[in-house]
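Presented below are the structures under discussion, each in the form of structure tokens.
Shared between the two complexes below is subunit A, which has subunit B as its partner in the first and subunit C in the second.
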Partner chain A sequence: MTQLSWLHRTVILALALGVAVMPTLYPWSQVLLTLALAKGLAVLGVVVLLQAGQVSFGHAMFVAIGAYSATFLGRALGGGDLVVVLLGGVLTSVAFGLVIGVFVVRYRYIFFGMLNLAFSMVLFSLLEKFFHITGGSDGLRVLRPTLFGQSLDRATFEGILFYLTLALALGLGWLVHRYLQSPLGQALSAVKSNETRLEYLGVSARHVLLVGYVVSAALCGLGGVIIGLVQGLVTPELGYWVRSGELVFIAILGGASNVTGAFAGALVFEVVRTYAAAFAANIWQMILGGVLLLIVLFAPGGLIALYGNSVKKLFARTRTEP
Partner chain B sequence: MTPQLALLATLDGIAYAALVFMVAVGLTMIFGVMRILNVAHGSFYAIGAYSAASIVLGLTAAGMNPWLVFPGLLLAAVGVGAVLGTLIERLLLTRIYTKEPVLQLLVTFAVFMILEDVQRLVWGVRPYFAAEPVYLLGNVQVVGIFYTAYQLILLPTVALLVLVGLRLFLRRTLSGRLIVAVTEDREMATALGINAGRVFLLTFVLGSTLAALGGALASPTTSLVPGIGADMIVLSFAVVAIAGLGQVEGAAIAALMIGLGRSFAVYVMPELEVVVPYLVMVIVLLIRPEGLFGVVERRRI
Partner chain C sequence: MSPLLRVEDVHIRFGGVVAADGVYLDLEPGESLAIIGPNGAGKTTFLNICTGYLKPTAGRVLFEGNDITGQPPRAIVRLGIARAFQIPQLFLEHSVLDNMLIAAAARTRAWNPFRAMVALPERAEMIGLLRQLGVADTAEQRVDGLPEGVRKLVDVALALALKPRLLLLDEPTSGVSSSEKFQIMDALVQALKNQAVTSVFVEHDMEMVSRYAHRVAVWNGGRVQMVGTPADVLADADVRRDVVGI
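On to the complex of A and B.
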């Protein structure tokens, strides 16, 4: 991952600005975009782990943990405050991420992926079976929180949530980018390229991966809280393995080597899904699988690499012109 | 828990373990040779099960000799394994042997997603029941309990035959020994002139056929609904991880552990039924990260 050039910065800011004004032009797009950005935050978590070459097939569990803990907290406080609910959801995800992380960072590749999957299946079935606490497969209704004590009507709340999510996406995207460039983040990609050498340098690979794991759990949890708040309902389905697969899919679609890829992938994915689900509900997974195959085989860098290549070509052409 | 219930749980567990073993042993063989965890393995199980159910229902509807259903089950397994297995190995997997492990995992995951929808398109979402083979064999009595002969005798027998057959195949035949050689050290084996590509194809088809066989034999005892493939891949991975990757005999023991654990949970704590396999896996891996019978991989620098 290289330094962002001024061009990329401009493109990112222009895109963010575009997303920010969309709801004023097309009010229906607000919920869709909030969901897409929230999912982008969760995908960002998966991207962090992909830097270390590890793919988790169970990260939707942290989405569910964030969403459910925020909901429980909100219900216990009679609605609660947006800030409190967000923090509560993220902190719970961090706590779970630490406990599960300590265990799974001892494993690599398939073990890592499948152990995460196993944990997420356990959580999923617990959420489904203990219906007197979790509402079973019907889920729980999420109470609308206040903001600094002010109670909000639905439209205002959704508007605030949208801009908050956008701000979080930009801010956290930048932070994660910085983290991946820091020594700790660079060590993460060393886990992928050669873990033994990393250990010889006196760096604990497990520690490096654990930090990455907790960061990814926090991001997924945050995404989960927002998804729960937007939908007004949390169901165990949030943590189902299909959702985990989706997160990995979006990360690869967007481009796993890049922070912006997570959000680009999530936006494209959500928009396409909204339209495709209407006429291709039966073959939706087949389409996802097909696209995933094409990307892995022919465009391993994802959307971001495709964009980067076309930018390069454009510049090459302008330069050769007399 | 009365002794009768305990016996019932044991029989349930053994029948279930026999099925899980067949699927898991295919998965572990493929992993041992190709170093790829085939997520689409669960699809072979599901498609094998659906094809078998279609054949059984078709034979019964056509009024043929009812005993033909047993060759029918076998035919479904071999057909699915040979056709689908060859197609996927030749068209897709040969392209990714040199790629990073993450990408290999993602490719098989993509195949799995595609096959899930293929199943849904071909067989729909309506549950399938094809219990004819179970009725044909009737019930047997064990210490005062009536149990189906299909689950009590046929399933464990087939599982044992698979176990013994695989052992003999791997130790005594040329093809089997080539597989073992490639499993042990792929580089050395190819240097000695073993055609790794053919060994890969053979292993993949064999492993897929075993998964389809597990599905075909499971079809008379369960109702077939979308999603059975997903449950089975995770479950058989749990078996493979508990046993240690690439361990054939270990997979049998791990399958028994999971089968019995699950069936006892059904009678004692039904809420935990789904969780038991993962709990067993987590506990085993906590104590022995390489699995019960696995060997520690040498570090390569």
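On to the complex of A and C.
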């Protein structure tokens, strides 16, 4: 057990190191990796809710809320500072998460999923309709923020954003892991298995779920801010329901019960998408669909379970050998 | 002494079924009351009303003199009333010990999100409770793989983990083998006595009733037909005919 978790930790750090050096070897990979990690943060939000057995088909709305609020803030401040726009985007997402959460945590399963979808569609159409504020479907250009007052050229900014995103992915991944191991996180999976008992322990399932919901909104919002900054443009498409479906897709691809799975899934997804789009422009969705089908049929625990199983087999083998 | 729990003229019906038809009952602090009665008499419904799971259409429930009628179960639980279920209510995807640790966290409000559940200081206490109920050997097993009898006992252990002042047990040893029944009840009753917990248990086994109850309430058709000492109640001709079945 401790041996395995020690191994897992080493593997995660090795992978992170691999990701960290990639852009120095292949500069073109930097933007791709930043986007993948940012998406991984958003997927992590979806994974938190999956612990409670709840699937949101609208969580891209928080990606859009993070991205747009940071953009508005940046434009109002004439660019603003990276730290300020990041915090602004996340705090706005938290506020929206709290308000929408109070409403949706009263529902479960298909109703929960569809209500989230409904909220995201309302937001999407608001972003499209109020074009004098939001730029409509053309979106808004994102101004490049300074860092602690220093203005940065594009290459430096992208480099900083990449390493910052990697650090956030590691740090927040670890914190979310801690949260899920804590009684509050364990209570999330208790919501899935028996709300009656939870209530009879004196615990409100809605409160437990609301905490998870706000955490997930914050993670999606943060991912959204970073995606906006990388792309230099925010459009309503960020919050489109297809994007929400994509987050769920990646969560299942990576392994819904696992923090590492969110990032592994996002990295694989972005790489497959980029290559498939370049080499098989017309059928890349089919390729991704096929991959998910294989995962669901043969490895329902996702990529992370595939890895976990092979590690277990390896250990079992070394142990049985005299 | 004022009663710990007072139930006054409680009514509830489901369609044509009258499940509580003017129930009165007082519980004295420290006592152990058995509820007996035929299936469908409204015993479980009574526990559902006392714990806020069902709201009576008329009547009141007072705990330590305070009206708790219609409060949600979680609020009533926090006042010190715990419950074990006729059909065990457990977190099926967790281990037995994790079930207990969630209960311990709920009791102590250990909601710090960065503190691992396995490191809770109540761990040893929880294992001790499982040992008292004879299920400590299953601590690391997932609940969904356990037989019904073990689940019943884990369900009781979860209620005990809350350190309640009043414990309501709905047929706590049904499904537990009769060879173990008395051993487990001995341990349970001893634990309740040590912690001065008042208890109510629904029971069909008259030997259990006469051995462990201070008083017996006989349920019939949504009403309390009779209350008395086990000896008096079991000697009553109507009770013997309707409930005991001799």
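The definition used in the following text is that the second predicted complex is superposed on the first by the 299 of 322 C-alpha atoms of A that agree within 3 Å, B and C clash if a C-alpha of one lies under 4 Å from a C-alpha of the other, contacts with A are read in each partner's own complex, and residues count from 1 in each chain.
Following the convention adopted for this analysis, a contact is a pair of C-beta atoms (placed from the backbone, for glycine too) under 8 Å apart; a residue touches a chain by one contact, two chains touch by 3 or more.
Predicted model only: the values in this text are computed from it and were never measured.
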- [ ] Would you sort A:228 into first (subunit B), second (subunit C), both or neither based on which partner it touches?
- [x] neither
Open item on the list: Looking only at subunit A, is it subunit B or subunit C that touches more of its residues?
Closed with: B
Task: First, second, both or neither for A:197, with subunit B first and subunit C second - done: both
Open item on the list: For A:182, using the defined touch cut-off, is the partner it touches subunit B, subunit C, both, or neither? Pick first, second, both or neither.
Closed with: second
- [ ] Tell me which partner A:173 touches in the superposition: subunit B (first), subunit C (second), both or neither.
- [x] neither
TODO: Considering only the touch criterion stated at the top, classify A:66 as touching first (subunit B), second (subunit C), both, or neither.
DONE: neither
TODO: Check the residue A:110 against both partner chains and state whether it touches subunit B (first), subunit C (second), both, or neither.
DONE: first
Open item on the list: After the superposition on A, what does A:130 contact: first (subunit B), second (subunit C), both or neither?
Closed with: first
Task: Footprint overlap on subunit A, where subunit B in one structure and subunit C in the other make contact - done: 194, 196-197
Open item on the list: With touch defined as at the start, can you tell me which subunit B residues reach subunit A in the complex?
Closed with: 31, 37, 92, 95-96, 99-103, 105-107, 109-114, 116-118, 120-121, 230, 234, 237-238, 241, 271, 274-275, 278-279, 281-282, 285-286, 289, 299-301
TODO: Can you check the complex and tell me which residues of subunit A touch subunit B?
DONE: 50, 53-55, 57, 103, 106-107, 109-111, 113-115, 117-119, 121-122, 125-126, 129-130, 194, 196-197, 241, 245, 248, 252, 282-286, 288-290, 292-293, 296-297, 300
Open item on the list: Which residues of subunit A touch subunit C once you look at their complex with the stated criterion?
Closed with: 175, 178-179, 181-187, 189-190, 192-194, 196-204, 211
Task: Touching residues (chain side subunit C, partner subunit A) in the complex - done: 51, 72-75, 77-78, 82-83, 89-94, 98, 101-103, 105-107, 110-118, 120, 158-159, 162
